[in-house]
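Heads up, there are several structures right after this.
Presented sequentially are two complexes of chain A, the first with chain B as partner and the second with chain C.
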Partner chain A sequence: MGKYLLRRVGYMLLVLVLLSFLMYLIYSMIPFDRARALAEEQRAAYKNDPAGFEAAYQNYRHQLGLDRSVVFRYLRWIGLVPVDGVYDGLLQGSLGWSFRYSRPAAEVLAQPLRNTVFLNLFSTVLSLGITIPLGIFCAVHRGSRRDTAVQIGTVVGYSVPGFIAAILFICLFAVILPVFPVSGMKTPGSSYTGLRKFFDELYYMALPILVMTFSSLGGMTRYVRAAMTEALTMDCVRTARAKGLRERAVIYSHAWRNALIPVITLVIGWFLRLFSGSLMIENIFALNGMGKLYITCLNANDYEVVLLLQMFYVTLALLGNLLIDIAYGLADPRVRADRPERR
Partner chain B sequence: MESLSPGRLALRRFFRRPAACIALVLLSGIFLFVFLGPLFDPIDLSYAEPLHKNLSPSYDMLQIPDALSRNIRQISSRSSFSVGLDGDGRVYTWGKTYLRDIGTDLSDLPEEVRGRRILHAAAGVDHAAAIDENGYVLCWGAYDNGQYGHNGSMLAAARPQPEELLERPLDPSGVRQLVCGNQVTAILMNDGTTYLWGNYSIGAVNLPSFEGTKDLAKIVFLQSLIAGITTDGEFVYGSSGVFEICEIRASDGTVFLGNLREYIGDRKVLDIAASMTDVCLLLDDGSLVIAGASGEDTRRTPVIPDGETVVVLSGGARHYAALTDTGRILTWGSNALDQTDIPAGLTEPGAADEVICAGFQTYAVRSGTLAGKWGFRGYLMGSDELGRDIFTRVMNGGRMTMTIGAAAVLISAVIGILIGCISGYSGGKTDFFLMRMTEIFAAIPFLPFALVLSALLRRTDVKEDVRIFLIMVVLGVLSWPGLARLIRGQVLAEREKEFVLAAQAMGVPEHRIAFRHILPNVISVILVSLTLDFAGCMLTEATLSYLGFGVQLPRPTWGNMLYGCNNSIVIRSYWWRWVFPALFLSVSILAINILGDTLRDIFDPKSEVEK
Partner chain C sequence: MKKLLSILLAVPLLLPSCAKADINDRIILGSSTELTGDFRFPGYGGASAGAADQDIAALTTGYAVMETDPSGEYVWNQTVVKTHTEEEIPQSDGSVNYRITIELNEGLTFSDGTPVTADNYLAYLLAFSTPVARSAGATGMAGQAYAGYADFFNYAGDGVKMDPDAPASREFTGLRRLSESSFSLEVDGAAGYYPYFYTASYAAVTPYDLGLLLGEGVTVRDDGNGCYLDGAWYESSSSGSSEALLFKKAEHMKKARYDTMTYPYSGPYTIVSWDEGTREAVLKKNDAFLGNFEGQKPTIQTVVCTRIVAETQFDQLTSGAVDILSGITGGDETKAALRLVGKGFRENHYLRAGYGKIQFDCDFGPTLFPEVRQAAATLLDRSAFAAAFTGGYGKVVNGPYSEESWMYHAAGEDFEKSLNRYDYSVSGAKQLLEQGGWVYNSRGEAYEEGQNGIDRVRYKKVTREELESLTTEEGTEATLSYRSVSNTDNIVYRTVEIDSAYYIPLVLNWFSTESNAVSDLLSSMLMNGAGTAACGMVIRQSAGDFNAMLGELRRDPSYGYSGTMTYNMYNLATGFTSPVYDYSFQWSHDPAYSGFSAVRLYDPYDRIFSYFAEDGTHERLSYEEAVRRSDGKLGMDYLSMAMVYDADTEEEYVRWWTAYIRRWNELLPEIPLYCNYYYDVYNEKIRDYRTSPYWGAAEAILYCRG
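Right after this comes the complex of A and B.
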């Protein structure tokens, strides 16, 4: 297992470098001259001095590395090539500077990251709490009328796009029944602390959380149902039944344990995918999260923040894959054996 | 039991499922709608109708009340509602009388208008006015900008209604004309005096200079101008630069920029009619001339049949109609909302003795009764914030969304099948390399990546068509890994079977075995996966467009039509703007998903046994 894990981590790092370079490359292809923009800000100082302006512009170009190749800039950004003799990149913990907010990118990121994690954590917990019992129920009562009803519901559920679900939820819970606020992060003018603050935030995030939960219900329920159906046909379940175990014990301790393996992998992958799913939800509800920040900065050419966010998404995706691999490895001894492909 | 071929068996199993059949019918319907519809109703991307912003779905704009249609005296309209007056002095309203943005209902007639005998009635953009038999001026509708009375905030009011009109009545028999414009109103008396009031800063910028013009015979309002003719046949418009250099379209077909007064010269103007953007004049040499702001080519003057002369003109919002001395109806101008589609029975001489253009509708009247009506009936799915028909946009937007989805799926299918087949069949180093590549692609965080790519496309200077094509490529290139893995797995399983061994023994080339022998055996899996991917790609396109990173407005897709619909005002008040695109998108995706699921079930023999 150790060797297998080591190989996966090594491989993941390789892919991380590849992907981050690819994203860096694509982003640097967007025609926007940051050096020109910075120089323009100083335009007043060089009113009658075009040569001085040009010099300032060239100076900015040099500072930003725009006079060098994209590979050089990438390596510098990573922290493998020194800037004026100092290594100052991601590897050294320097996450960059936000030109839009005139603050370090790490500071800009802090609050949105918190909000996004809050949002995703809550909707994950909520939807797991609904889908797992529902999926098990459907698998156990497979083919019954209630199962069919849930099946139809889940197809409808995962066919409705997230942003349409958002509009429907706003319509239902903010317009027809004014229960939840549509936007905002906290009660205006309030300065709650502790638990009060938490519940206030939860109240303001209620609609996004509900929408995200709703969007994931369909797919998750179907997946849990499929995994459980598969597990119920296993020999061990037949054996358990033959032993005369109570049906509850058969379902929850024999079948469910076996169904858990694919479900756990799914949950990990799905949780990480939520982060890009919340990108859209955050934009609909104007929620100050990573996704909102990503689009804002993408539109504002705030490139160091965009690059950092891209890195975050790529790392998250790869980490997710690694976790899935590990989970598979833990669950399924055959994977651990690391056997070569059958030929 | 009869024996069936696998294909017929699959078909039979398919049609045994009601959900699948409904989904198939729905999807085929939507397909026909979005792919055939635009052929009959192509979209004009630059089109917008400011007078029809945010109209709710309806089809009753031409529904003139029965009682009125038997005894028509006056009909007028400027935007979405019409006001009619019958010979007995009763006022009728129809069309979109409820103005959502203001919150007034024009069908809510004041007590006086309902109770008294009315002699003149006219509709403005957001108000209406009437004069009763005692000479009292009665108005209703919006009043906040000084349309009438002295109430309301009057913030924008340029000139309030004259005090004398509020205090004492006019001489009812002396009123020649009552006409309403965009928040402005004019009353012309037989002796040539006028009463002009309202928010002329938007409704008639030349109103102060127009006031005091002597011997007026007729007054018309354009979108933001007032004009008229005198009893001597002179065209008057106060002082305004608009008609000094304007686009003039003469009867002989010539179009040029010039001074309208100079063009008229010594000729007398017999009649005048106005649309929103221009005026049409009938000159005493029998010719017609249209003059105003330059615009579409549809506003050319009509061909007057030989031996006939135009007697009277009438102007709507974007079109005109005229009556010749033989009673023939001529109509011209914009036909964007069917304003100039005369019914077949009304094109001959003697069809009518009066023709009334009211807003976007036209009514032909013969001895007081309605002889025919044509024009704009309403928007089946309402109109959006720019006054565009949502029905047309849903249809054309659907074509775009489905085309992008289909193209993206095709691209991902080609890549996925190639890589899956090669990887699964060759194995070894090729397989290792291809699978690592697939893994890298699978690890790409989809939405952030697609956003960066489309941001790149948006900033680079490429044509819209190229951009849309590139969006298809981006979607296709990012979504093949799943398919490739699936096919590889299937091919690995098929490869071990005897028929492959047989083919190898017969010396069939390797690539031929992979693509001609193995691929057909996994085609059902591919088909299912492609169906589900199609829904996925449509969804991604809609998401990107919704976020403003896909297809750009004004070109519609189901996604970007929902752009800006996530605020509670739109959700509550303009529900048709989001319900229809959302419904079409959701139903299409739902139908495709159901079809995909059904296909998977019928191709998988195990699923039938399971039950």
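Right after this comes the complex of A and C.
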């Protein structure tokens, strides 16, 4: 298992390096010139001095490394090439600079990441708490009226885009029944602390959490139901029933464990999504999250932040794949990497 | 499980939402622009500073020596200035400097009670004119208009210069600290900052806390030769070449820029909380603030600045989540806003200082010729266009001006009538084109209406020499090789050569941004308009993203420009909310300034009577004298220069300004499409909330009452 993990980590690093270069290359190819943008901001100051303006532009090009090759800039970004004698890249902990916010990219990410995790944690737990029991229930009572009703409900939920659901929920719960606030993240002007702050944030997050939960119910419920339905037809389940085990034990100890393997991929994926923002939801509810930050930085050509975000997600995806493989082994001994081979 | 879920859902519901505070106590200002925390020096004064950040900066910064009134005119701040004197100082090189001496009133203090002194005004100009500020990300050009700036900026500490070959000075000779409450600023005539109509604006300096600007261990001093910063200001953690200097104070500047709590404020409000997580700022009334230029003090105790979502902004307003929505525009949005008026809300509106427009590249292709630009304007029913786009909440303007500006008011009622409105007229467009020589077909024969294929468009006959007299060498070559692009009908129109003459097709290559309502309307009303085809004009549309458009506009390869001048028509928007209306050097024929001109129009009048005559005799003329000597043919370059460099009084300025707008209206480098009304909707408990193109929410809040 140790060797397997080491090999996987080695592959991950290789993929990370390759992808980082590819991403850097792609963003370098976008027709945008940061040096020009910076110089243009000062155009008025050089209104009668075109030579001064050109010098300022060239100075910015030099500072940003735009007068050097893309490979040089990449190595500088990584931290393998010094700038004015100083190594200042990812390897040295300098994760880039946000031109949109005029501060280090890592600082820019901190608050949106916290907000996104806060939002996603509740919606994920709530969604899984509803969909897994509901999927199992539907599989066990397959064909019943209740199953049919849930199936119809999930198809509807699955088919309604998130932003439509958001608008509908706002209309219903914030305008017609003014139970929740229309948008925002806390009571305007409040300076709550401790539990009061937590509940205030929860109150403002309630509607987006409900929308996100609603939007994710359909897919997961149907997925769990399908996996469980298949598991319930397995021989081992039939055998367990034939042995006279209680139905509860059959369902949760035998069928559910077999149904878990495909579900695990999705569940771990959901938890990895804790860090990824929802562009639509965050925009509609004015939440300062990762999705909002991502689109803001893309629109502002703030590519160092975008690159950092994408590196973060690539790392998460690679780690997630590793986690899923390990989880497979835990859930199903047949797919363990260190399983002794049969001769 | 059910119980847990019920509790989870019930707890937030049971939480009482914050009790609504009285308007006198608090108003919530909503903005669709994100707050970034850059409130001390938004964008370091650069063009990219966020509007919401600037509002907060305006609310928390005060006591500027000069401020702007609602019409965008600079006025002396009587609350701050006890006396001010201005004098001309002749220099040995023949130039004249302009010294402004200011004595401050007593009793001015920052929010923490610290007295406001001359040092607080001078420290900003000094600190932001040093390489330390540049190292912190600012331009280091705050004091560029004052005498001695270049030498002062070149000084980087004892024995260290930014440019080893240029002189350097520790002292900024143009800035003088005369006493604790008085100082002088000497505007540099030799560098071109005097004479200048807006010279007084160089006195519009604002005080900042010394700790914020300079940190510990630095003071403002003046030993009689000019102000300087002593102590640790230039301390560096490295030595040697100026490029590698790492100024320690640059780190202080970077941190202080975002420090909203440590240092006091000079404006009507102070920031008491900035929540980066929710991007919300809370401001409290600064009781130490003595007023703006009119002595106006705020009455609202607390201002909360928060972000709104355009799609749900009216729900936020009606639910009490915000009290003020600013700058609402567009038909549907305005109608929705007006539906709230009288139902607990009031409105205030003003005509925007700016417009949506068609912009031409005037140095190549058919748009090189004014008749083509004028004909395009005549082929578009601009009134209908503006009504359709703004939903009836906008109008058409005929030049680059704001109807709210002081110049417009001073120009008088007849000014607007003297401008050509380019009313929709197909026959008028035809007449313009025929007058301009667009009377040929692609074979050099007489143009006939109603033809198909390549002959459906008009051509104009020119010679290379004619083109060379009208535009640059590059523009001439681009016109001779001009061809249409995005040819969806497989017909490529191009300049053809027949018997040593060239025939240019009346085809405009239009670049528009994607998913743009203005582009859609232009496509249907102009490009595919019946009048356009009837006139023998074709418009080819290409769409791309904004960066690609910037590349074409600036002809910048780093934005994807191919190196071939292709597009000569764009649609975008512009604004002129700056109180300094100065377009000098933007119409220059000098190739060095080509990047400074948005439209690249080279007025032929300027070739005949140039502002930059070798003997200098065309400068500093009165308007009447210039008209007489030019035979009434003053070009855009001349007018834009004379407007700011030759006018000494408002009356003279308005004369030049009027002529400039008229000439602009005649040459039409842009077609103004719509000028929309901006609406503010706010809680009816708020009174006296008044905005203008030059006065935003920050100024309005100062005057409003609960």
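In the analysis below, the second predicted complex is superposed on the first by the 308 of 343 C-alpha atoms of A that agree within 3 Å, B and C clash if a C-alpha of one lies under 4 Å from a C-alpha of the other, contacts with A are read in each partner's own complex, and residues count from 1 in each chain.
The definition used in the following text is that a contact is a pair of C-beta atoms (placed from the backbone, for glycine too) under 8 Å apart; a residue touches a chain by one contact, two chains touch by 3 or more.
Keep in mind the model is a prediction, meaning the values are calculated, not measured.
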Practice prompt. Evaluate whether chain B and chain C can sit on chain A together after superposition, giving fit or clash.
Written response: clash
Item to complete: Would you sort A:M23 into first (chain B), second (chain C), both or neither based on which partner it touches?
Response: first
Worksheet item: Touching A:Y87, do we find chain B (first), chain C (second), both, or neither?
Response: neither
Discussion item. Looking at A:F32, would you say it contacts chain B, chain C, both, or neither? Reply first, second, both or neither.
Written reply: both
Item to complete: Mind working out whether A:P161 is in touch with chain B, chain C, both or neither, as first, second, both or neither?
Response: first
Worksheet item: First (chain B), second (chain C), both or neither: which does A:N283 touch?
Response: both
Worksheet item: So, A:I152: does it touch chain B (first), chain C (second), both, or neither?
Response: first
Worksheet item: Of the partners chain B and chain C, which touch A:L309 in the superposed model: first, second, both, neither?
Response: first
Practice prompt. Using the superposition on chain A described above, determine whether A:L298 touches chain B (first), chain C (second), both, or neither.
Written response: first
Worksheet item: Touch check for A:V182: first (chain B), second (chain C), both, or neither?
Response: both
Practice prompt. Go through chain A and flag every residue that touches chain B in one model and chain C in the other.
Written response: 30-32, 167, 170, 174-175, 182, 283-285
Worksheet item: Inside the complex, what are the residues of chain A that reach chain B?
Response: 11, 15, 18-19, 23, 26-27, 29-32, 143, 152, 155-156, 158-164, 166-168, 170-171, 174-175, 182, 275-277, 279-280, 283-285, 294-295, 298-299, 306, 309-310, 313-314, 316-318, 321, 341-343
Item to complete: Mind listing the chain C positions that touch chain A in their complex?
Response: 1, 5, 8-9, 11-13, 15, 17-18, 21, 26, 28, 34, 36-38, 43, 46-48, 137, 139, 141, 144, 192, 243-244, 257-258, 273, 275-280, 282, 302, 304, 306-309, 311-312, 315-316, 319, 321-322, 547-548, 551, 554, 556, 558-560, 582, 584-585, 592-593, 595-596
Worksheet item: Touching chain C in the complex: which residues of chain A?
Response: 30-33, 35-37, 40-45, 47-48, 50-51, 53, 66, 84-85, 100-103, 111, 114-115, 126, 129, 133, 167, 170, 174-175, 178-191, 199-200, 202-203, 206, 283-286, 288, 296, 301
Fill in: Partner chain A, residues of chain B touching it in the complex
19, 427-428, 431-432, 436, 439-440, 442-449, 451-453, 455-456, 459-460, 492, 535, 539, 542-543, 546-547, 562, 565-568, 571-572, 575, 578, 582, 585-586, 589-590, 593-594, 597, 611
